[in-house]
């Protein structure tokens, strides 16, 4: 079986997910034996138009980016969304909470007429083109990325948990953030990160998106037992899980 | 030799984010030499508005995946100032250590993965892994060590988890700190080998000088990274972090879509070379030795040497970390988080990110909800200066072949180590 | 403990119950767009030794394991057969295999249709929905190979479309036999299909069961059972004479992993073949 | 065998001695909670712990365990059995839970992986010296246990009493050197400790006897409580993960970078998780969270007891501690069904 050719592209984001690929360190050399990286602007000057797997990082914030993404999709037999920005729009979507007219007024009020600032509402990659696989997280988990790459090279479905972060969190015997007086979004968030945040004494912010059948109503009814306000919950949800303020989707 | 040159390099590869270089010359006359930033703006100041005080750090960490620790530090420091929080000395020292891990990681990444291929005539580190596996392994080893150092202190390498207003959510056990001390001591020989390998090909670093204003933090008695006042190589005057807007006077120029900054001249430079030029007297012995080895000298205005200054800083970081770890050894690190109470207020901070000085400012209402924010990022502060460098460099390159011109220009851009994904804040958003 | 080509694996009895035995694919053939038919034999001298209705856990290293019914009758020795629908990792990987390739086998597991026990001497009504024909086929073949042991045989088979019909060669053969009745239907009219159209329950009206001791053997998609059982009640087949084969999620096949529980029953232990009468009290069963 | 006595200092010395040549696992502090961990020195032990975040099952049925490794298409090898270890300081309710797991994994088809770990383990029980806030082992008959351990420690006054029940336990205790027999007064004191633990471990009080639970559930399959309580449930499986009697697992294959070699791992799974009963093709046999929520109580207090005769809940209270939604309390569920 020839090595699949992989091209890595980026859109609006912090490039932290690409950095996680670099951070595979020695395993990056292993990865390069399994796949043939033919384009990766951040790390190399080589470029190519022919590839089997497109890995796309970043959210889509401009019409011209939508066009570029569609061109990539046309050439890509398989497309992988890398990280929260690509998977869900990530916290870039916080911008969508501000009415576009307000954004424009604030921006053009001082330095009007700069066309690059005329950004569209932020979209996830899957809101523009079909996505075959999602590697979630802000940033992605290196082990999960490696695992997905190996699955793709083998031609199998990767197993990505649909259950909440609490599963992994309890397995790691972390102190539960709720008991420490914080709002933790672990019960609503898809696992796979190994409960990275609670393991460091920080509450889960929901960067991997909602778990299957996330019970938002349940969460709202639990708040009072912990003396928390709905306002505070909504502020947390806004960062990653529910940036549009529409209620957590079950996607 | 009259030459016609037509270059449009888009994107410039092996930099963080999308940058574009356009050069047009005919008959030996430069018509256009421009550095453009086509990256989509992300509106972080808008994004943090209405966030609560404890959500600022996680949000602004995502400005940049490479320097997320610097952004996090800048954010928690500014939030602490706004809310009137004082952290313990131990927490402050741990923060310096955490910051160092990122500086080392970023510098090794830049010099080892992004710049070395230029000096060794390769298109990327991938073919270098075939031809110079030993060197690549050293780079990988250093990078891994720096990342694991971040893991230990920040909870992970990118988008730190432990850095919160008030201190740390989790601190390493004494035995973990002792392990780190030993590990870092072992890195010095490895870093030395990397420096020697770079020195061997240092002849490939172009020689180009332009009289430049350099801006960096300065703090008496230390090579400043996390605290101090804003200083310039042009004057002895310095300003507190809270006055950063009067330093980074952002202005729009018809020449570029990116906003430029100016203090005493039309542009200034920040970054490792700026820090070196302002703080070289404070370098510890090993770093001083390396600076001499590379001939950085008393004051250096060759922007290509920024990568060398980064290497010198690697030595500084490793040496100073030993000092800090020695002083933390055997100490009880329990009081590393103080309670924070939301309050109305405003605060600003300045931190040296790997790519240069970084400013944050936030204002909060009495519930601790953010009302306004301003982030001023190093790469933004460099855009104007990079443009000026290009303008001054290109006429002298016209006798070269198109490929060589292209390489020299790309190398210049890379030497600045621009982090364009972070710099996509190029208009200040003020909420009224 | 090892199971390799050169050192025959231990059987599940004494050793590691999770260790597969290597087996070799003798033939692989596509049956429909999403179903493939496999003939395979364990490496080494042993026969699989299964009973009709039992299943095996099939391993493709790196992909995982999947429970698959043996669709051939133990009366036909030497090799065994399975029909696999491509639906996930393991089944996809199986579809990519060619003759000569290896897979791992654990089992046989579970209960079986009591062909040598109480079904002997009875009239048999087989009701197969879609891929449910696969496990039933092992019992059908068994009954045909020991034709004298059983009374009348009727087979009702339904699929969603004509293109999804399985074992079409055998169906044709069965159709031609005069010692059994085969009625077929497809859910939707399909080009080239001149036969019955409609749900499988529609076939019951066409069925004329002579008096005598009837037993029914039923396997199909989860939604099918309730409706088929209603028809069987109407035909006055006693529920203790109705044998259903059920599918559940299954990870170990040996009663440990907990996934296959229907209320208190384990499909891999007390099933997959159950007596319908034993399931009526179980709300999760049918 | 007779009951011996040991002062706390010599107990520590004995453990440090054991640590010279084997793994000893015991309760240690983590933040303001406790966990079982492999010890590096006896002084880290917290024998006064109230309960641990996870039960000691994690050393017998690890949360993630390699069952076999493979190379190519036809070479499978079982994972080698673990080295012997001492599991020290296990409270009676957890001993009772381990006995239940022993039965599951040894009956019919023997699970060699579990049994190898179990065989490698010397189980040293410890009567509880503190009671956790949600413990109700007293109601489940597991506040004390007279079997299932190799060695039992009980703290009476300033001393520990040590009783061995098996050869494994005896030989372990022998390594402590010559020990004095327990005085009759101390044995009486131990009886009083047992009685007081049976009373104290009733932080929630079940209003019926455990034996009545299967019958109670038989009558209440369609009770509105399942839906009502499940409305708050996140299907987060925390109650499964922390439960000493939950043992359901998932199995997944993973390959290394050669794409040829790899391992088949089992990992804890939980019946509260949405996909626990979903099959290929998308059908889910317990799609609604109320169905899964109910299943857990039925499994613990009806299905398994009907097979084994024992309620599969030992009253450790961990699920009550771990449930963010505060909806996982078995006693509340049963008492509500009882109409109280």
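A, B, C and D label the chains in the order they appear, each numbered from 1.
Heads up, the rule we're going with is that a contact is a pair of C-beta atoms (placed from the backbone, for glycine too) under 8 Å apart; a residue touches a chain by one contact, two chains touch by 3 or more.
Every value quoted in this text rests on a predicted model; they were computed, and no experiment measured them.
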Quick check on the contact network: minimum steps from subunit B to subunit C?
2
Pair joined by the larger number of C-beta contacts - A-B, A-D
A-B
Give me the ID of the chain with the smallest distance between its Cα centroid and the all-protein Cα centroid.
A
Separation of mean Cα positions, subunit D and subunit B [Å, integer]:
51
Expressed in whole Å, how far the mean CA point of subunit A lies from that of subunit B is 25
Based only on mean CA positions, could you tell me how far subunit A sits from subunit D in angstrom?
37
Express in whole angstrom the distance between the two chain centres, defined as the mean CA positions of subunit C and subunit D.
39
Junction residues of subunit A, two or more chains touched
154
Within subunit D, the set of residues that touch 2 or more other chains is 252, 254-255, 259
Quick one: which residues in subunit C touch 2 or more of the other chains?
62-63, 88
For each chain, which other chains does it touch, given as pairs?
A-B, A-C, A-D, C-D
Residues of subunit C defined as touching subunit D within the complex:
1-5, 9, 12, 15-20, 22, 43, 59-65, 87-88, 91, 101-104, 221-222, 247-249, 251-252, 254-259, 261-264, 269, 283-284
Give every residue of subunit A touching subunit B within the complex, in rising order.
10-20, 22-23, 25-26, 28-29, 32, 37, 40-47, 61-62, 65, 90-92, 94-95, 97-98, 103, 106-107, 110-111, 114, 116-117, 119, 138-139, 196-197, 199-202, 205, 232, 235-236, 238-239
Residue ranges of subunit B touching subunit A (in the complex, touch as defined):
11, 13-18, 38-43, 46-47, 49-52, 55, 58-59, 62-66, 68, 109, 113-114, 117, 123-126, 129, 137, 140-141, 143-144, 147, 155-159, 161-162, 164, 169-170, 252, 257, 259, 421-422, 424, 427-431
In the complex of these two chains, what residues of subunit D are touching subunit C?
67-68, 70, 72-78, 104-105, 108-113, 221, 247-255, 259, 262, 264, 266, 269, 271, 276-281, 283, 285-286, 291, 295, 298-299, 302-303, 306-307
Residue numbers on subunit A that touch subunit C, as the complex places them
154-157
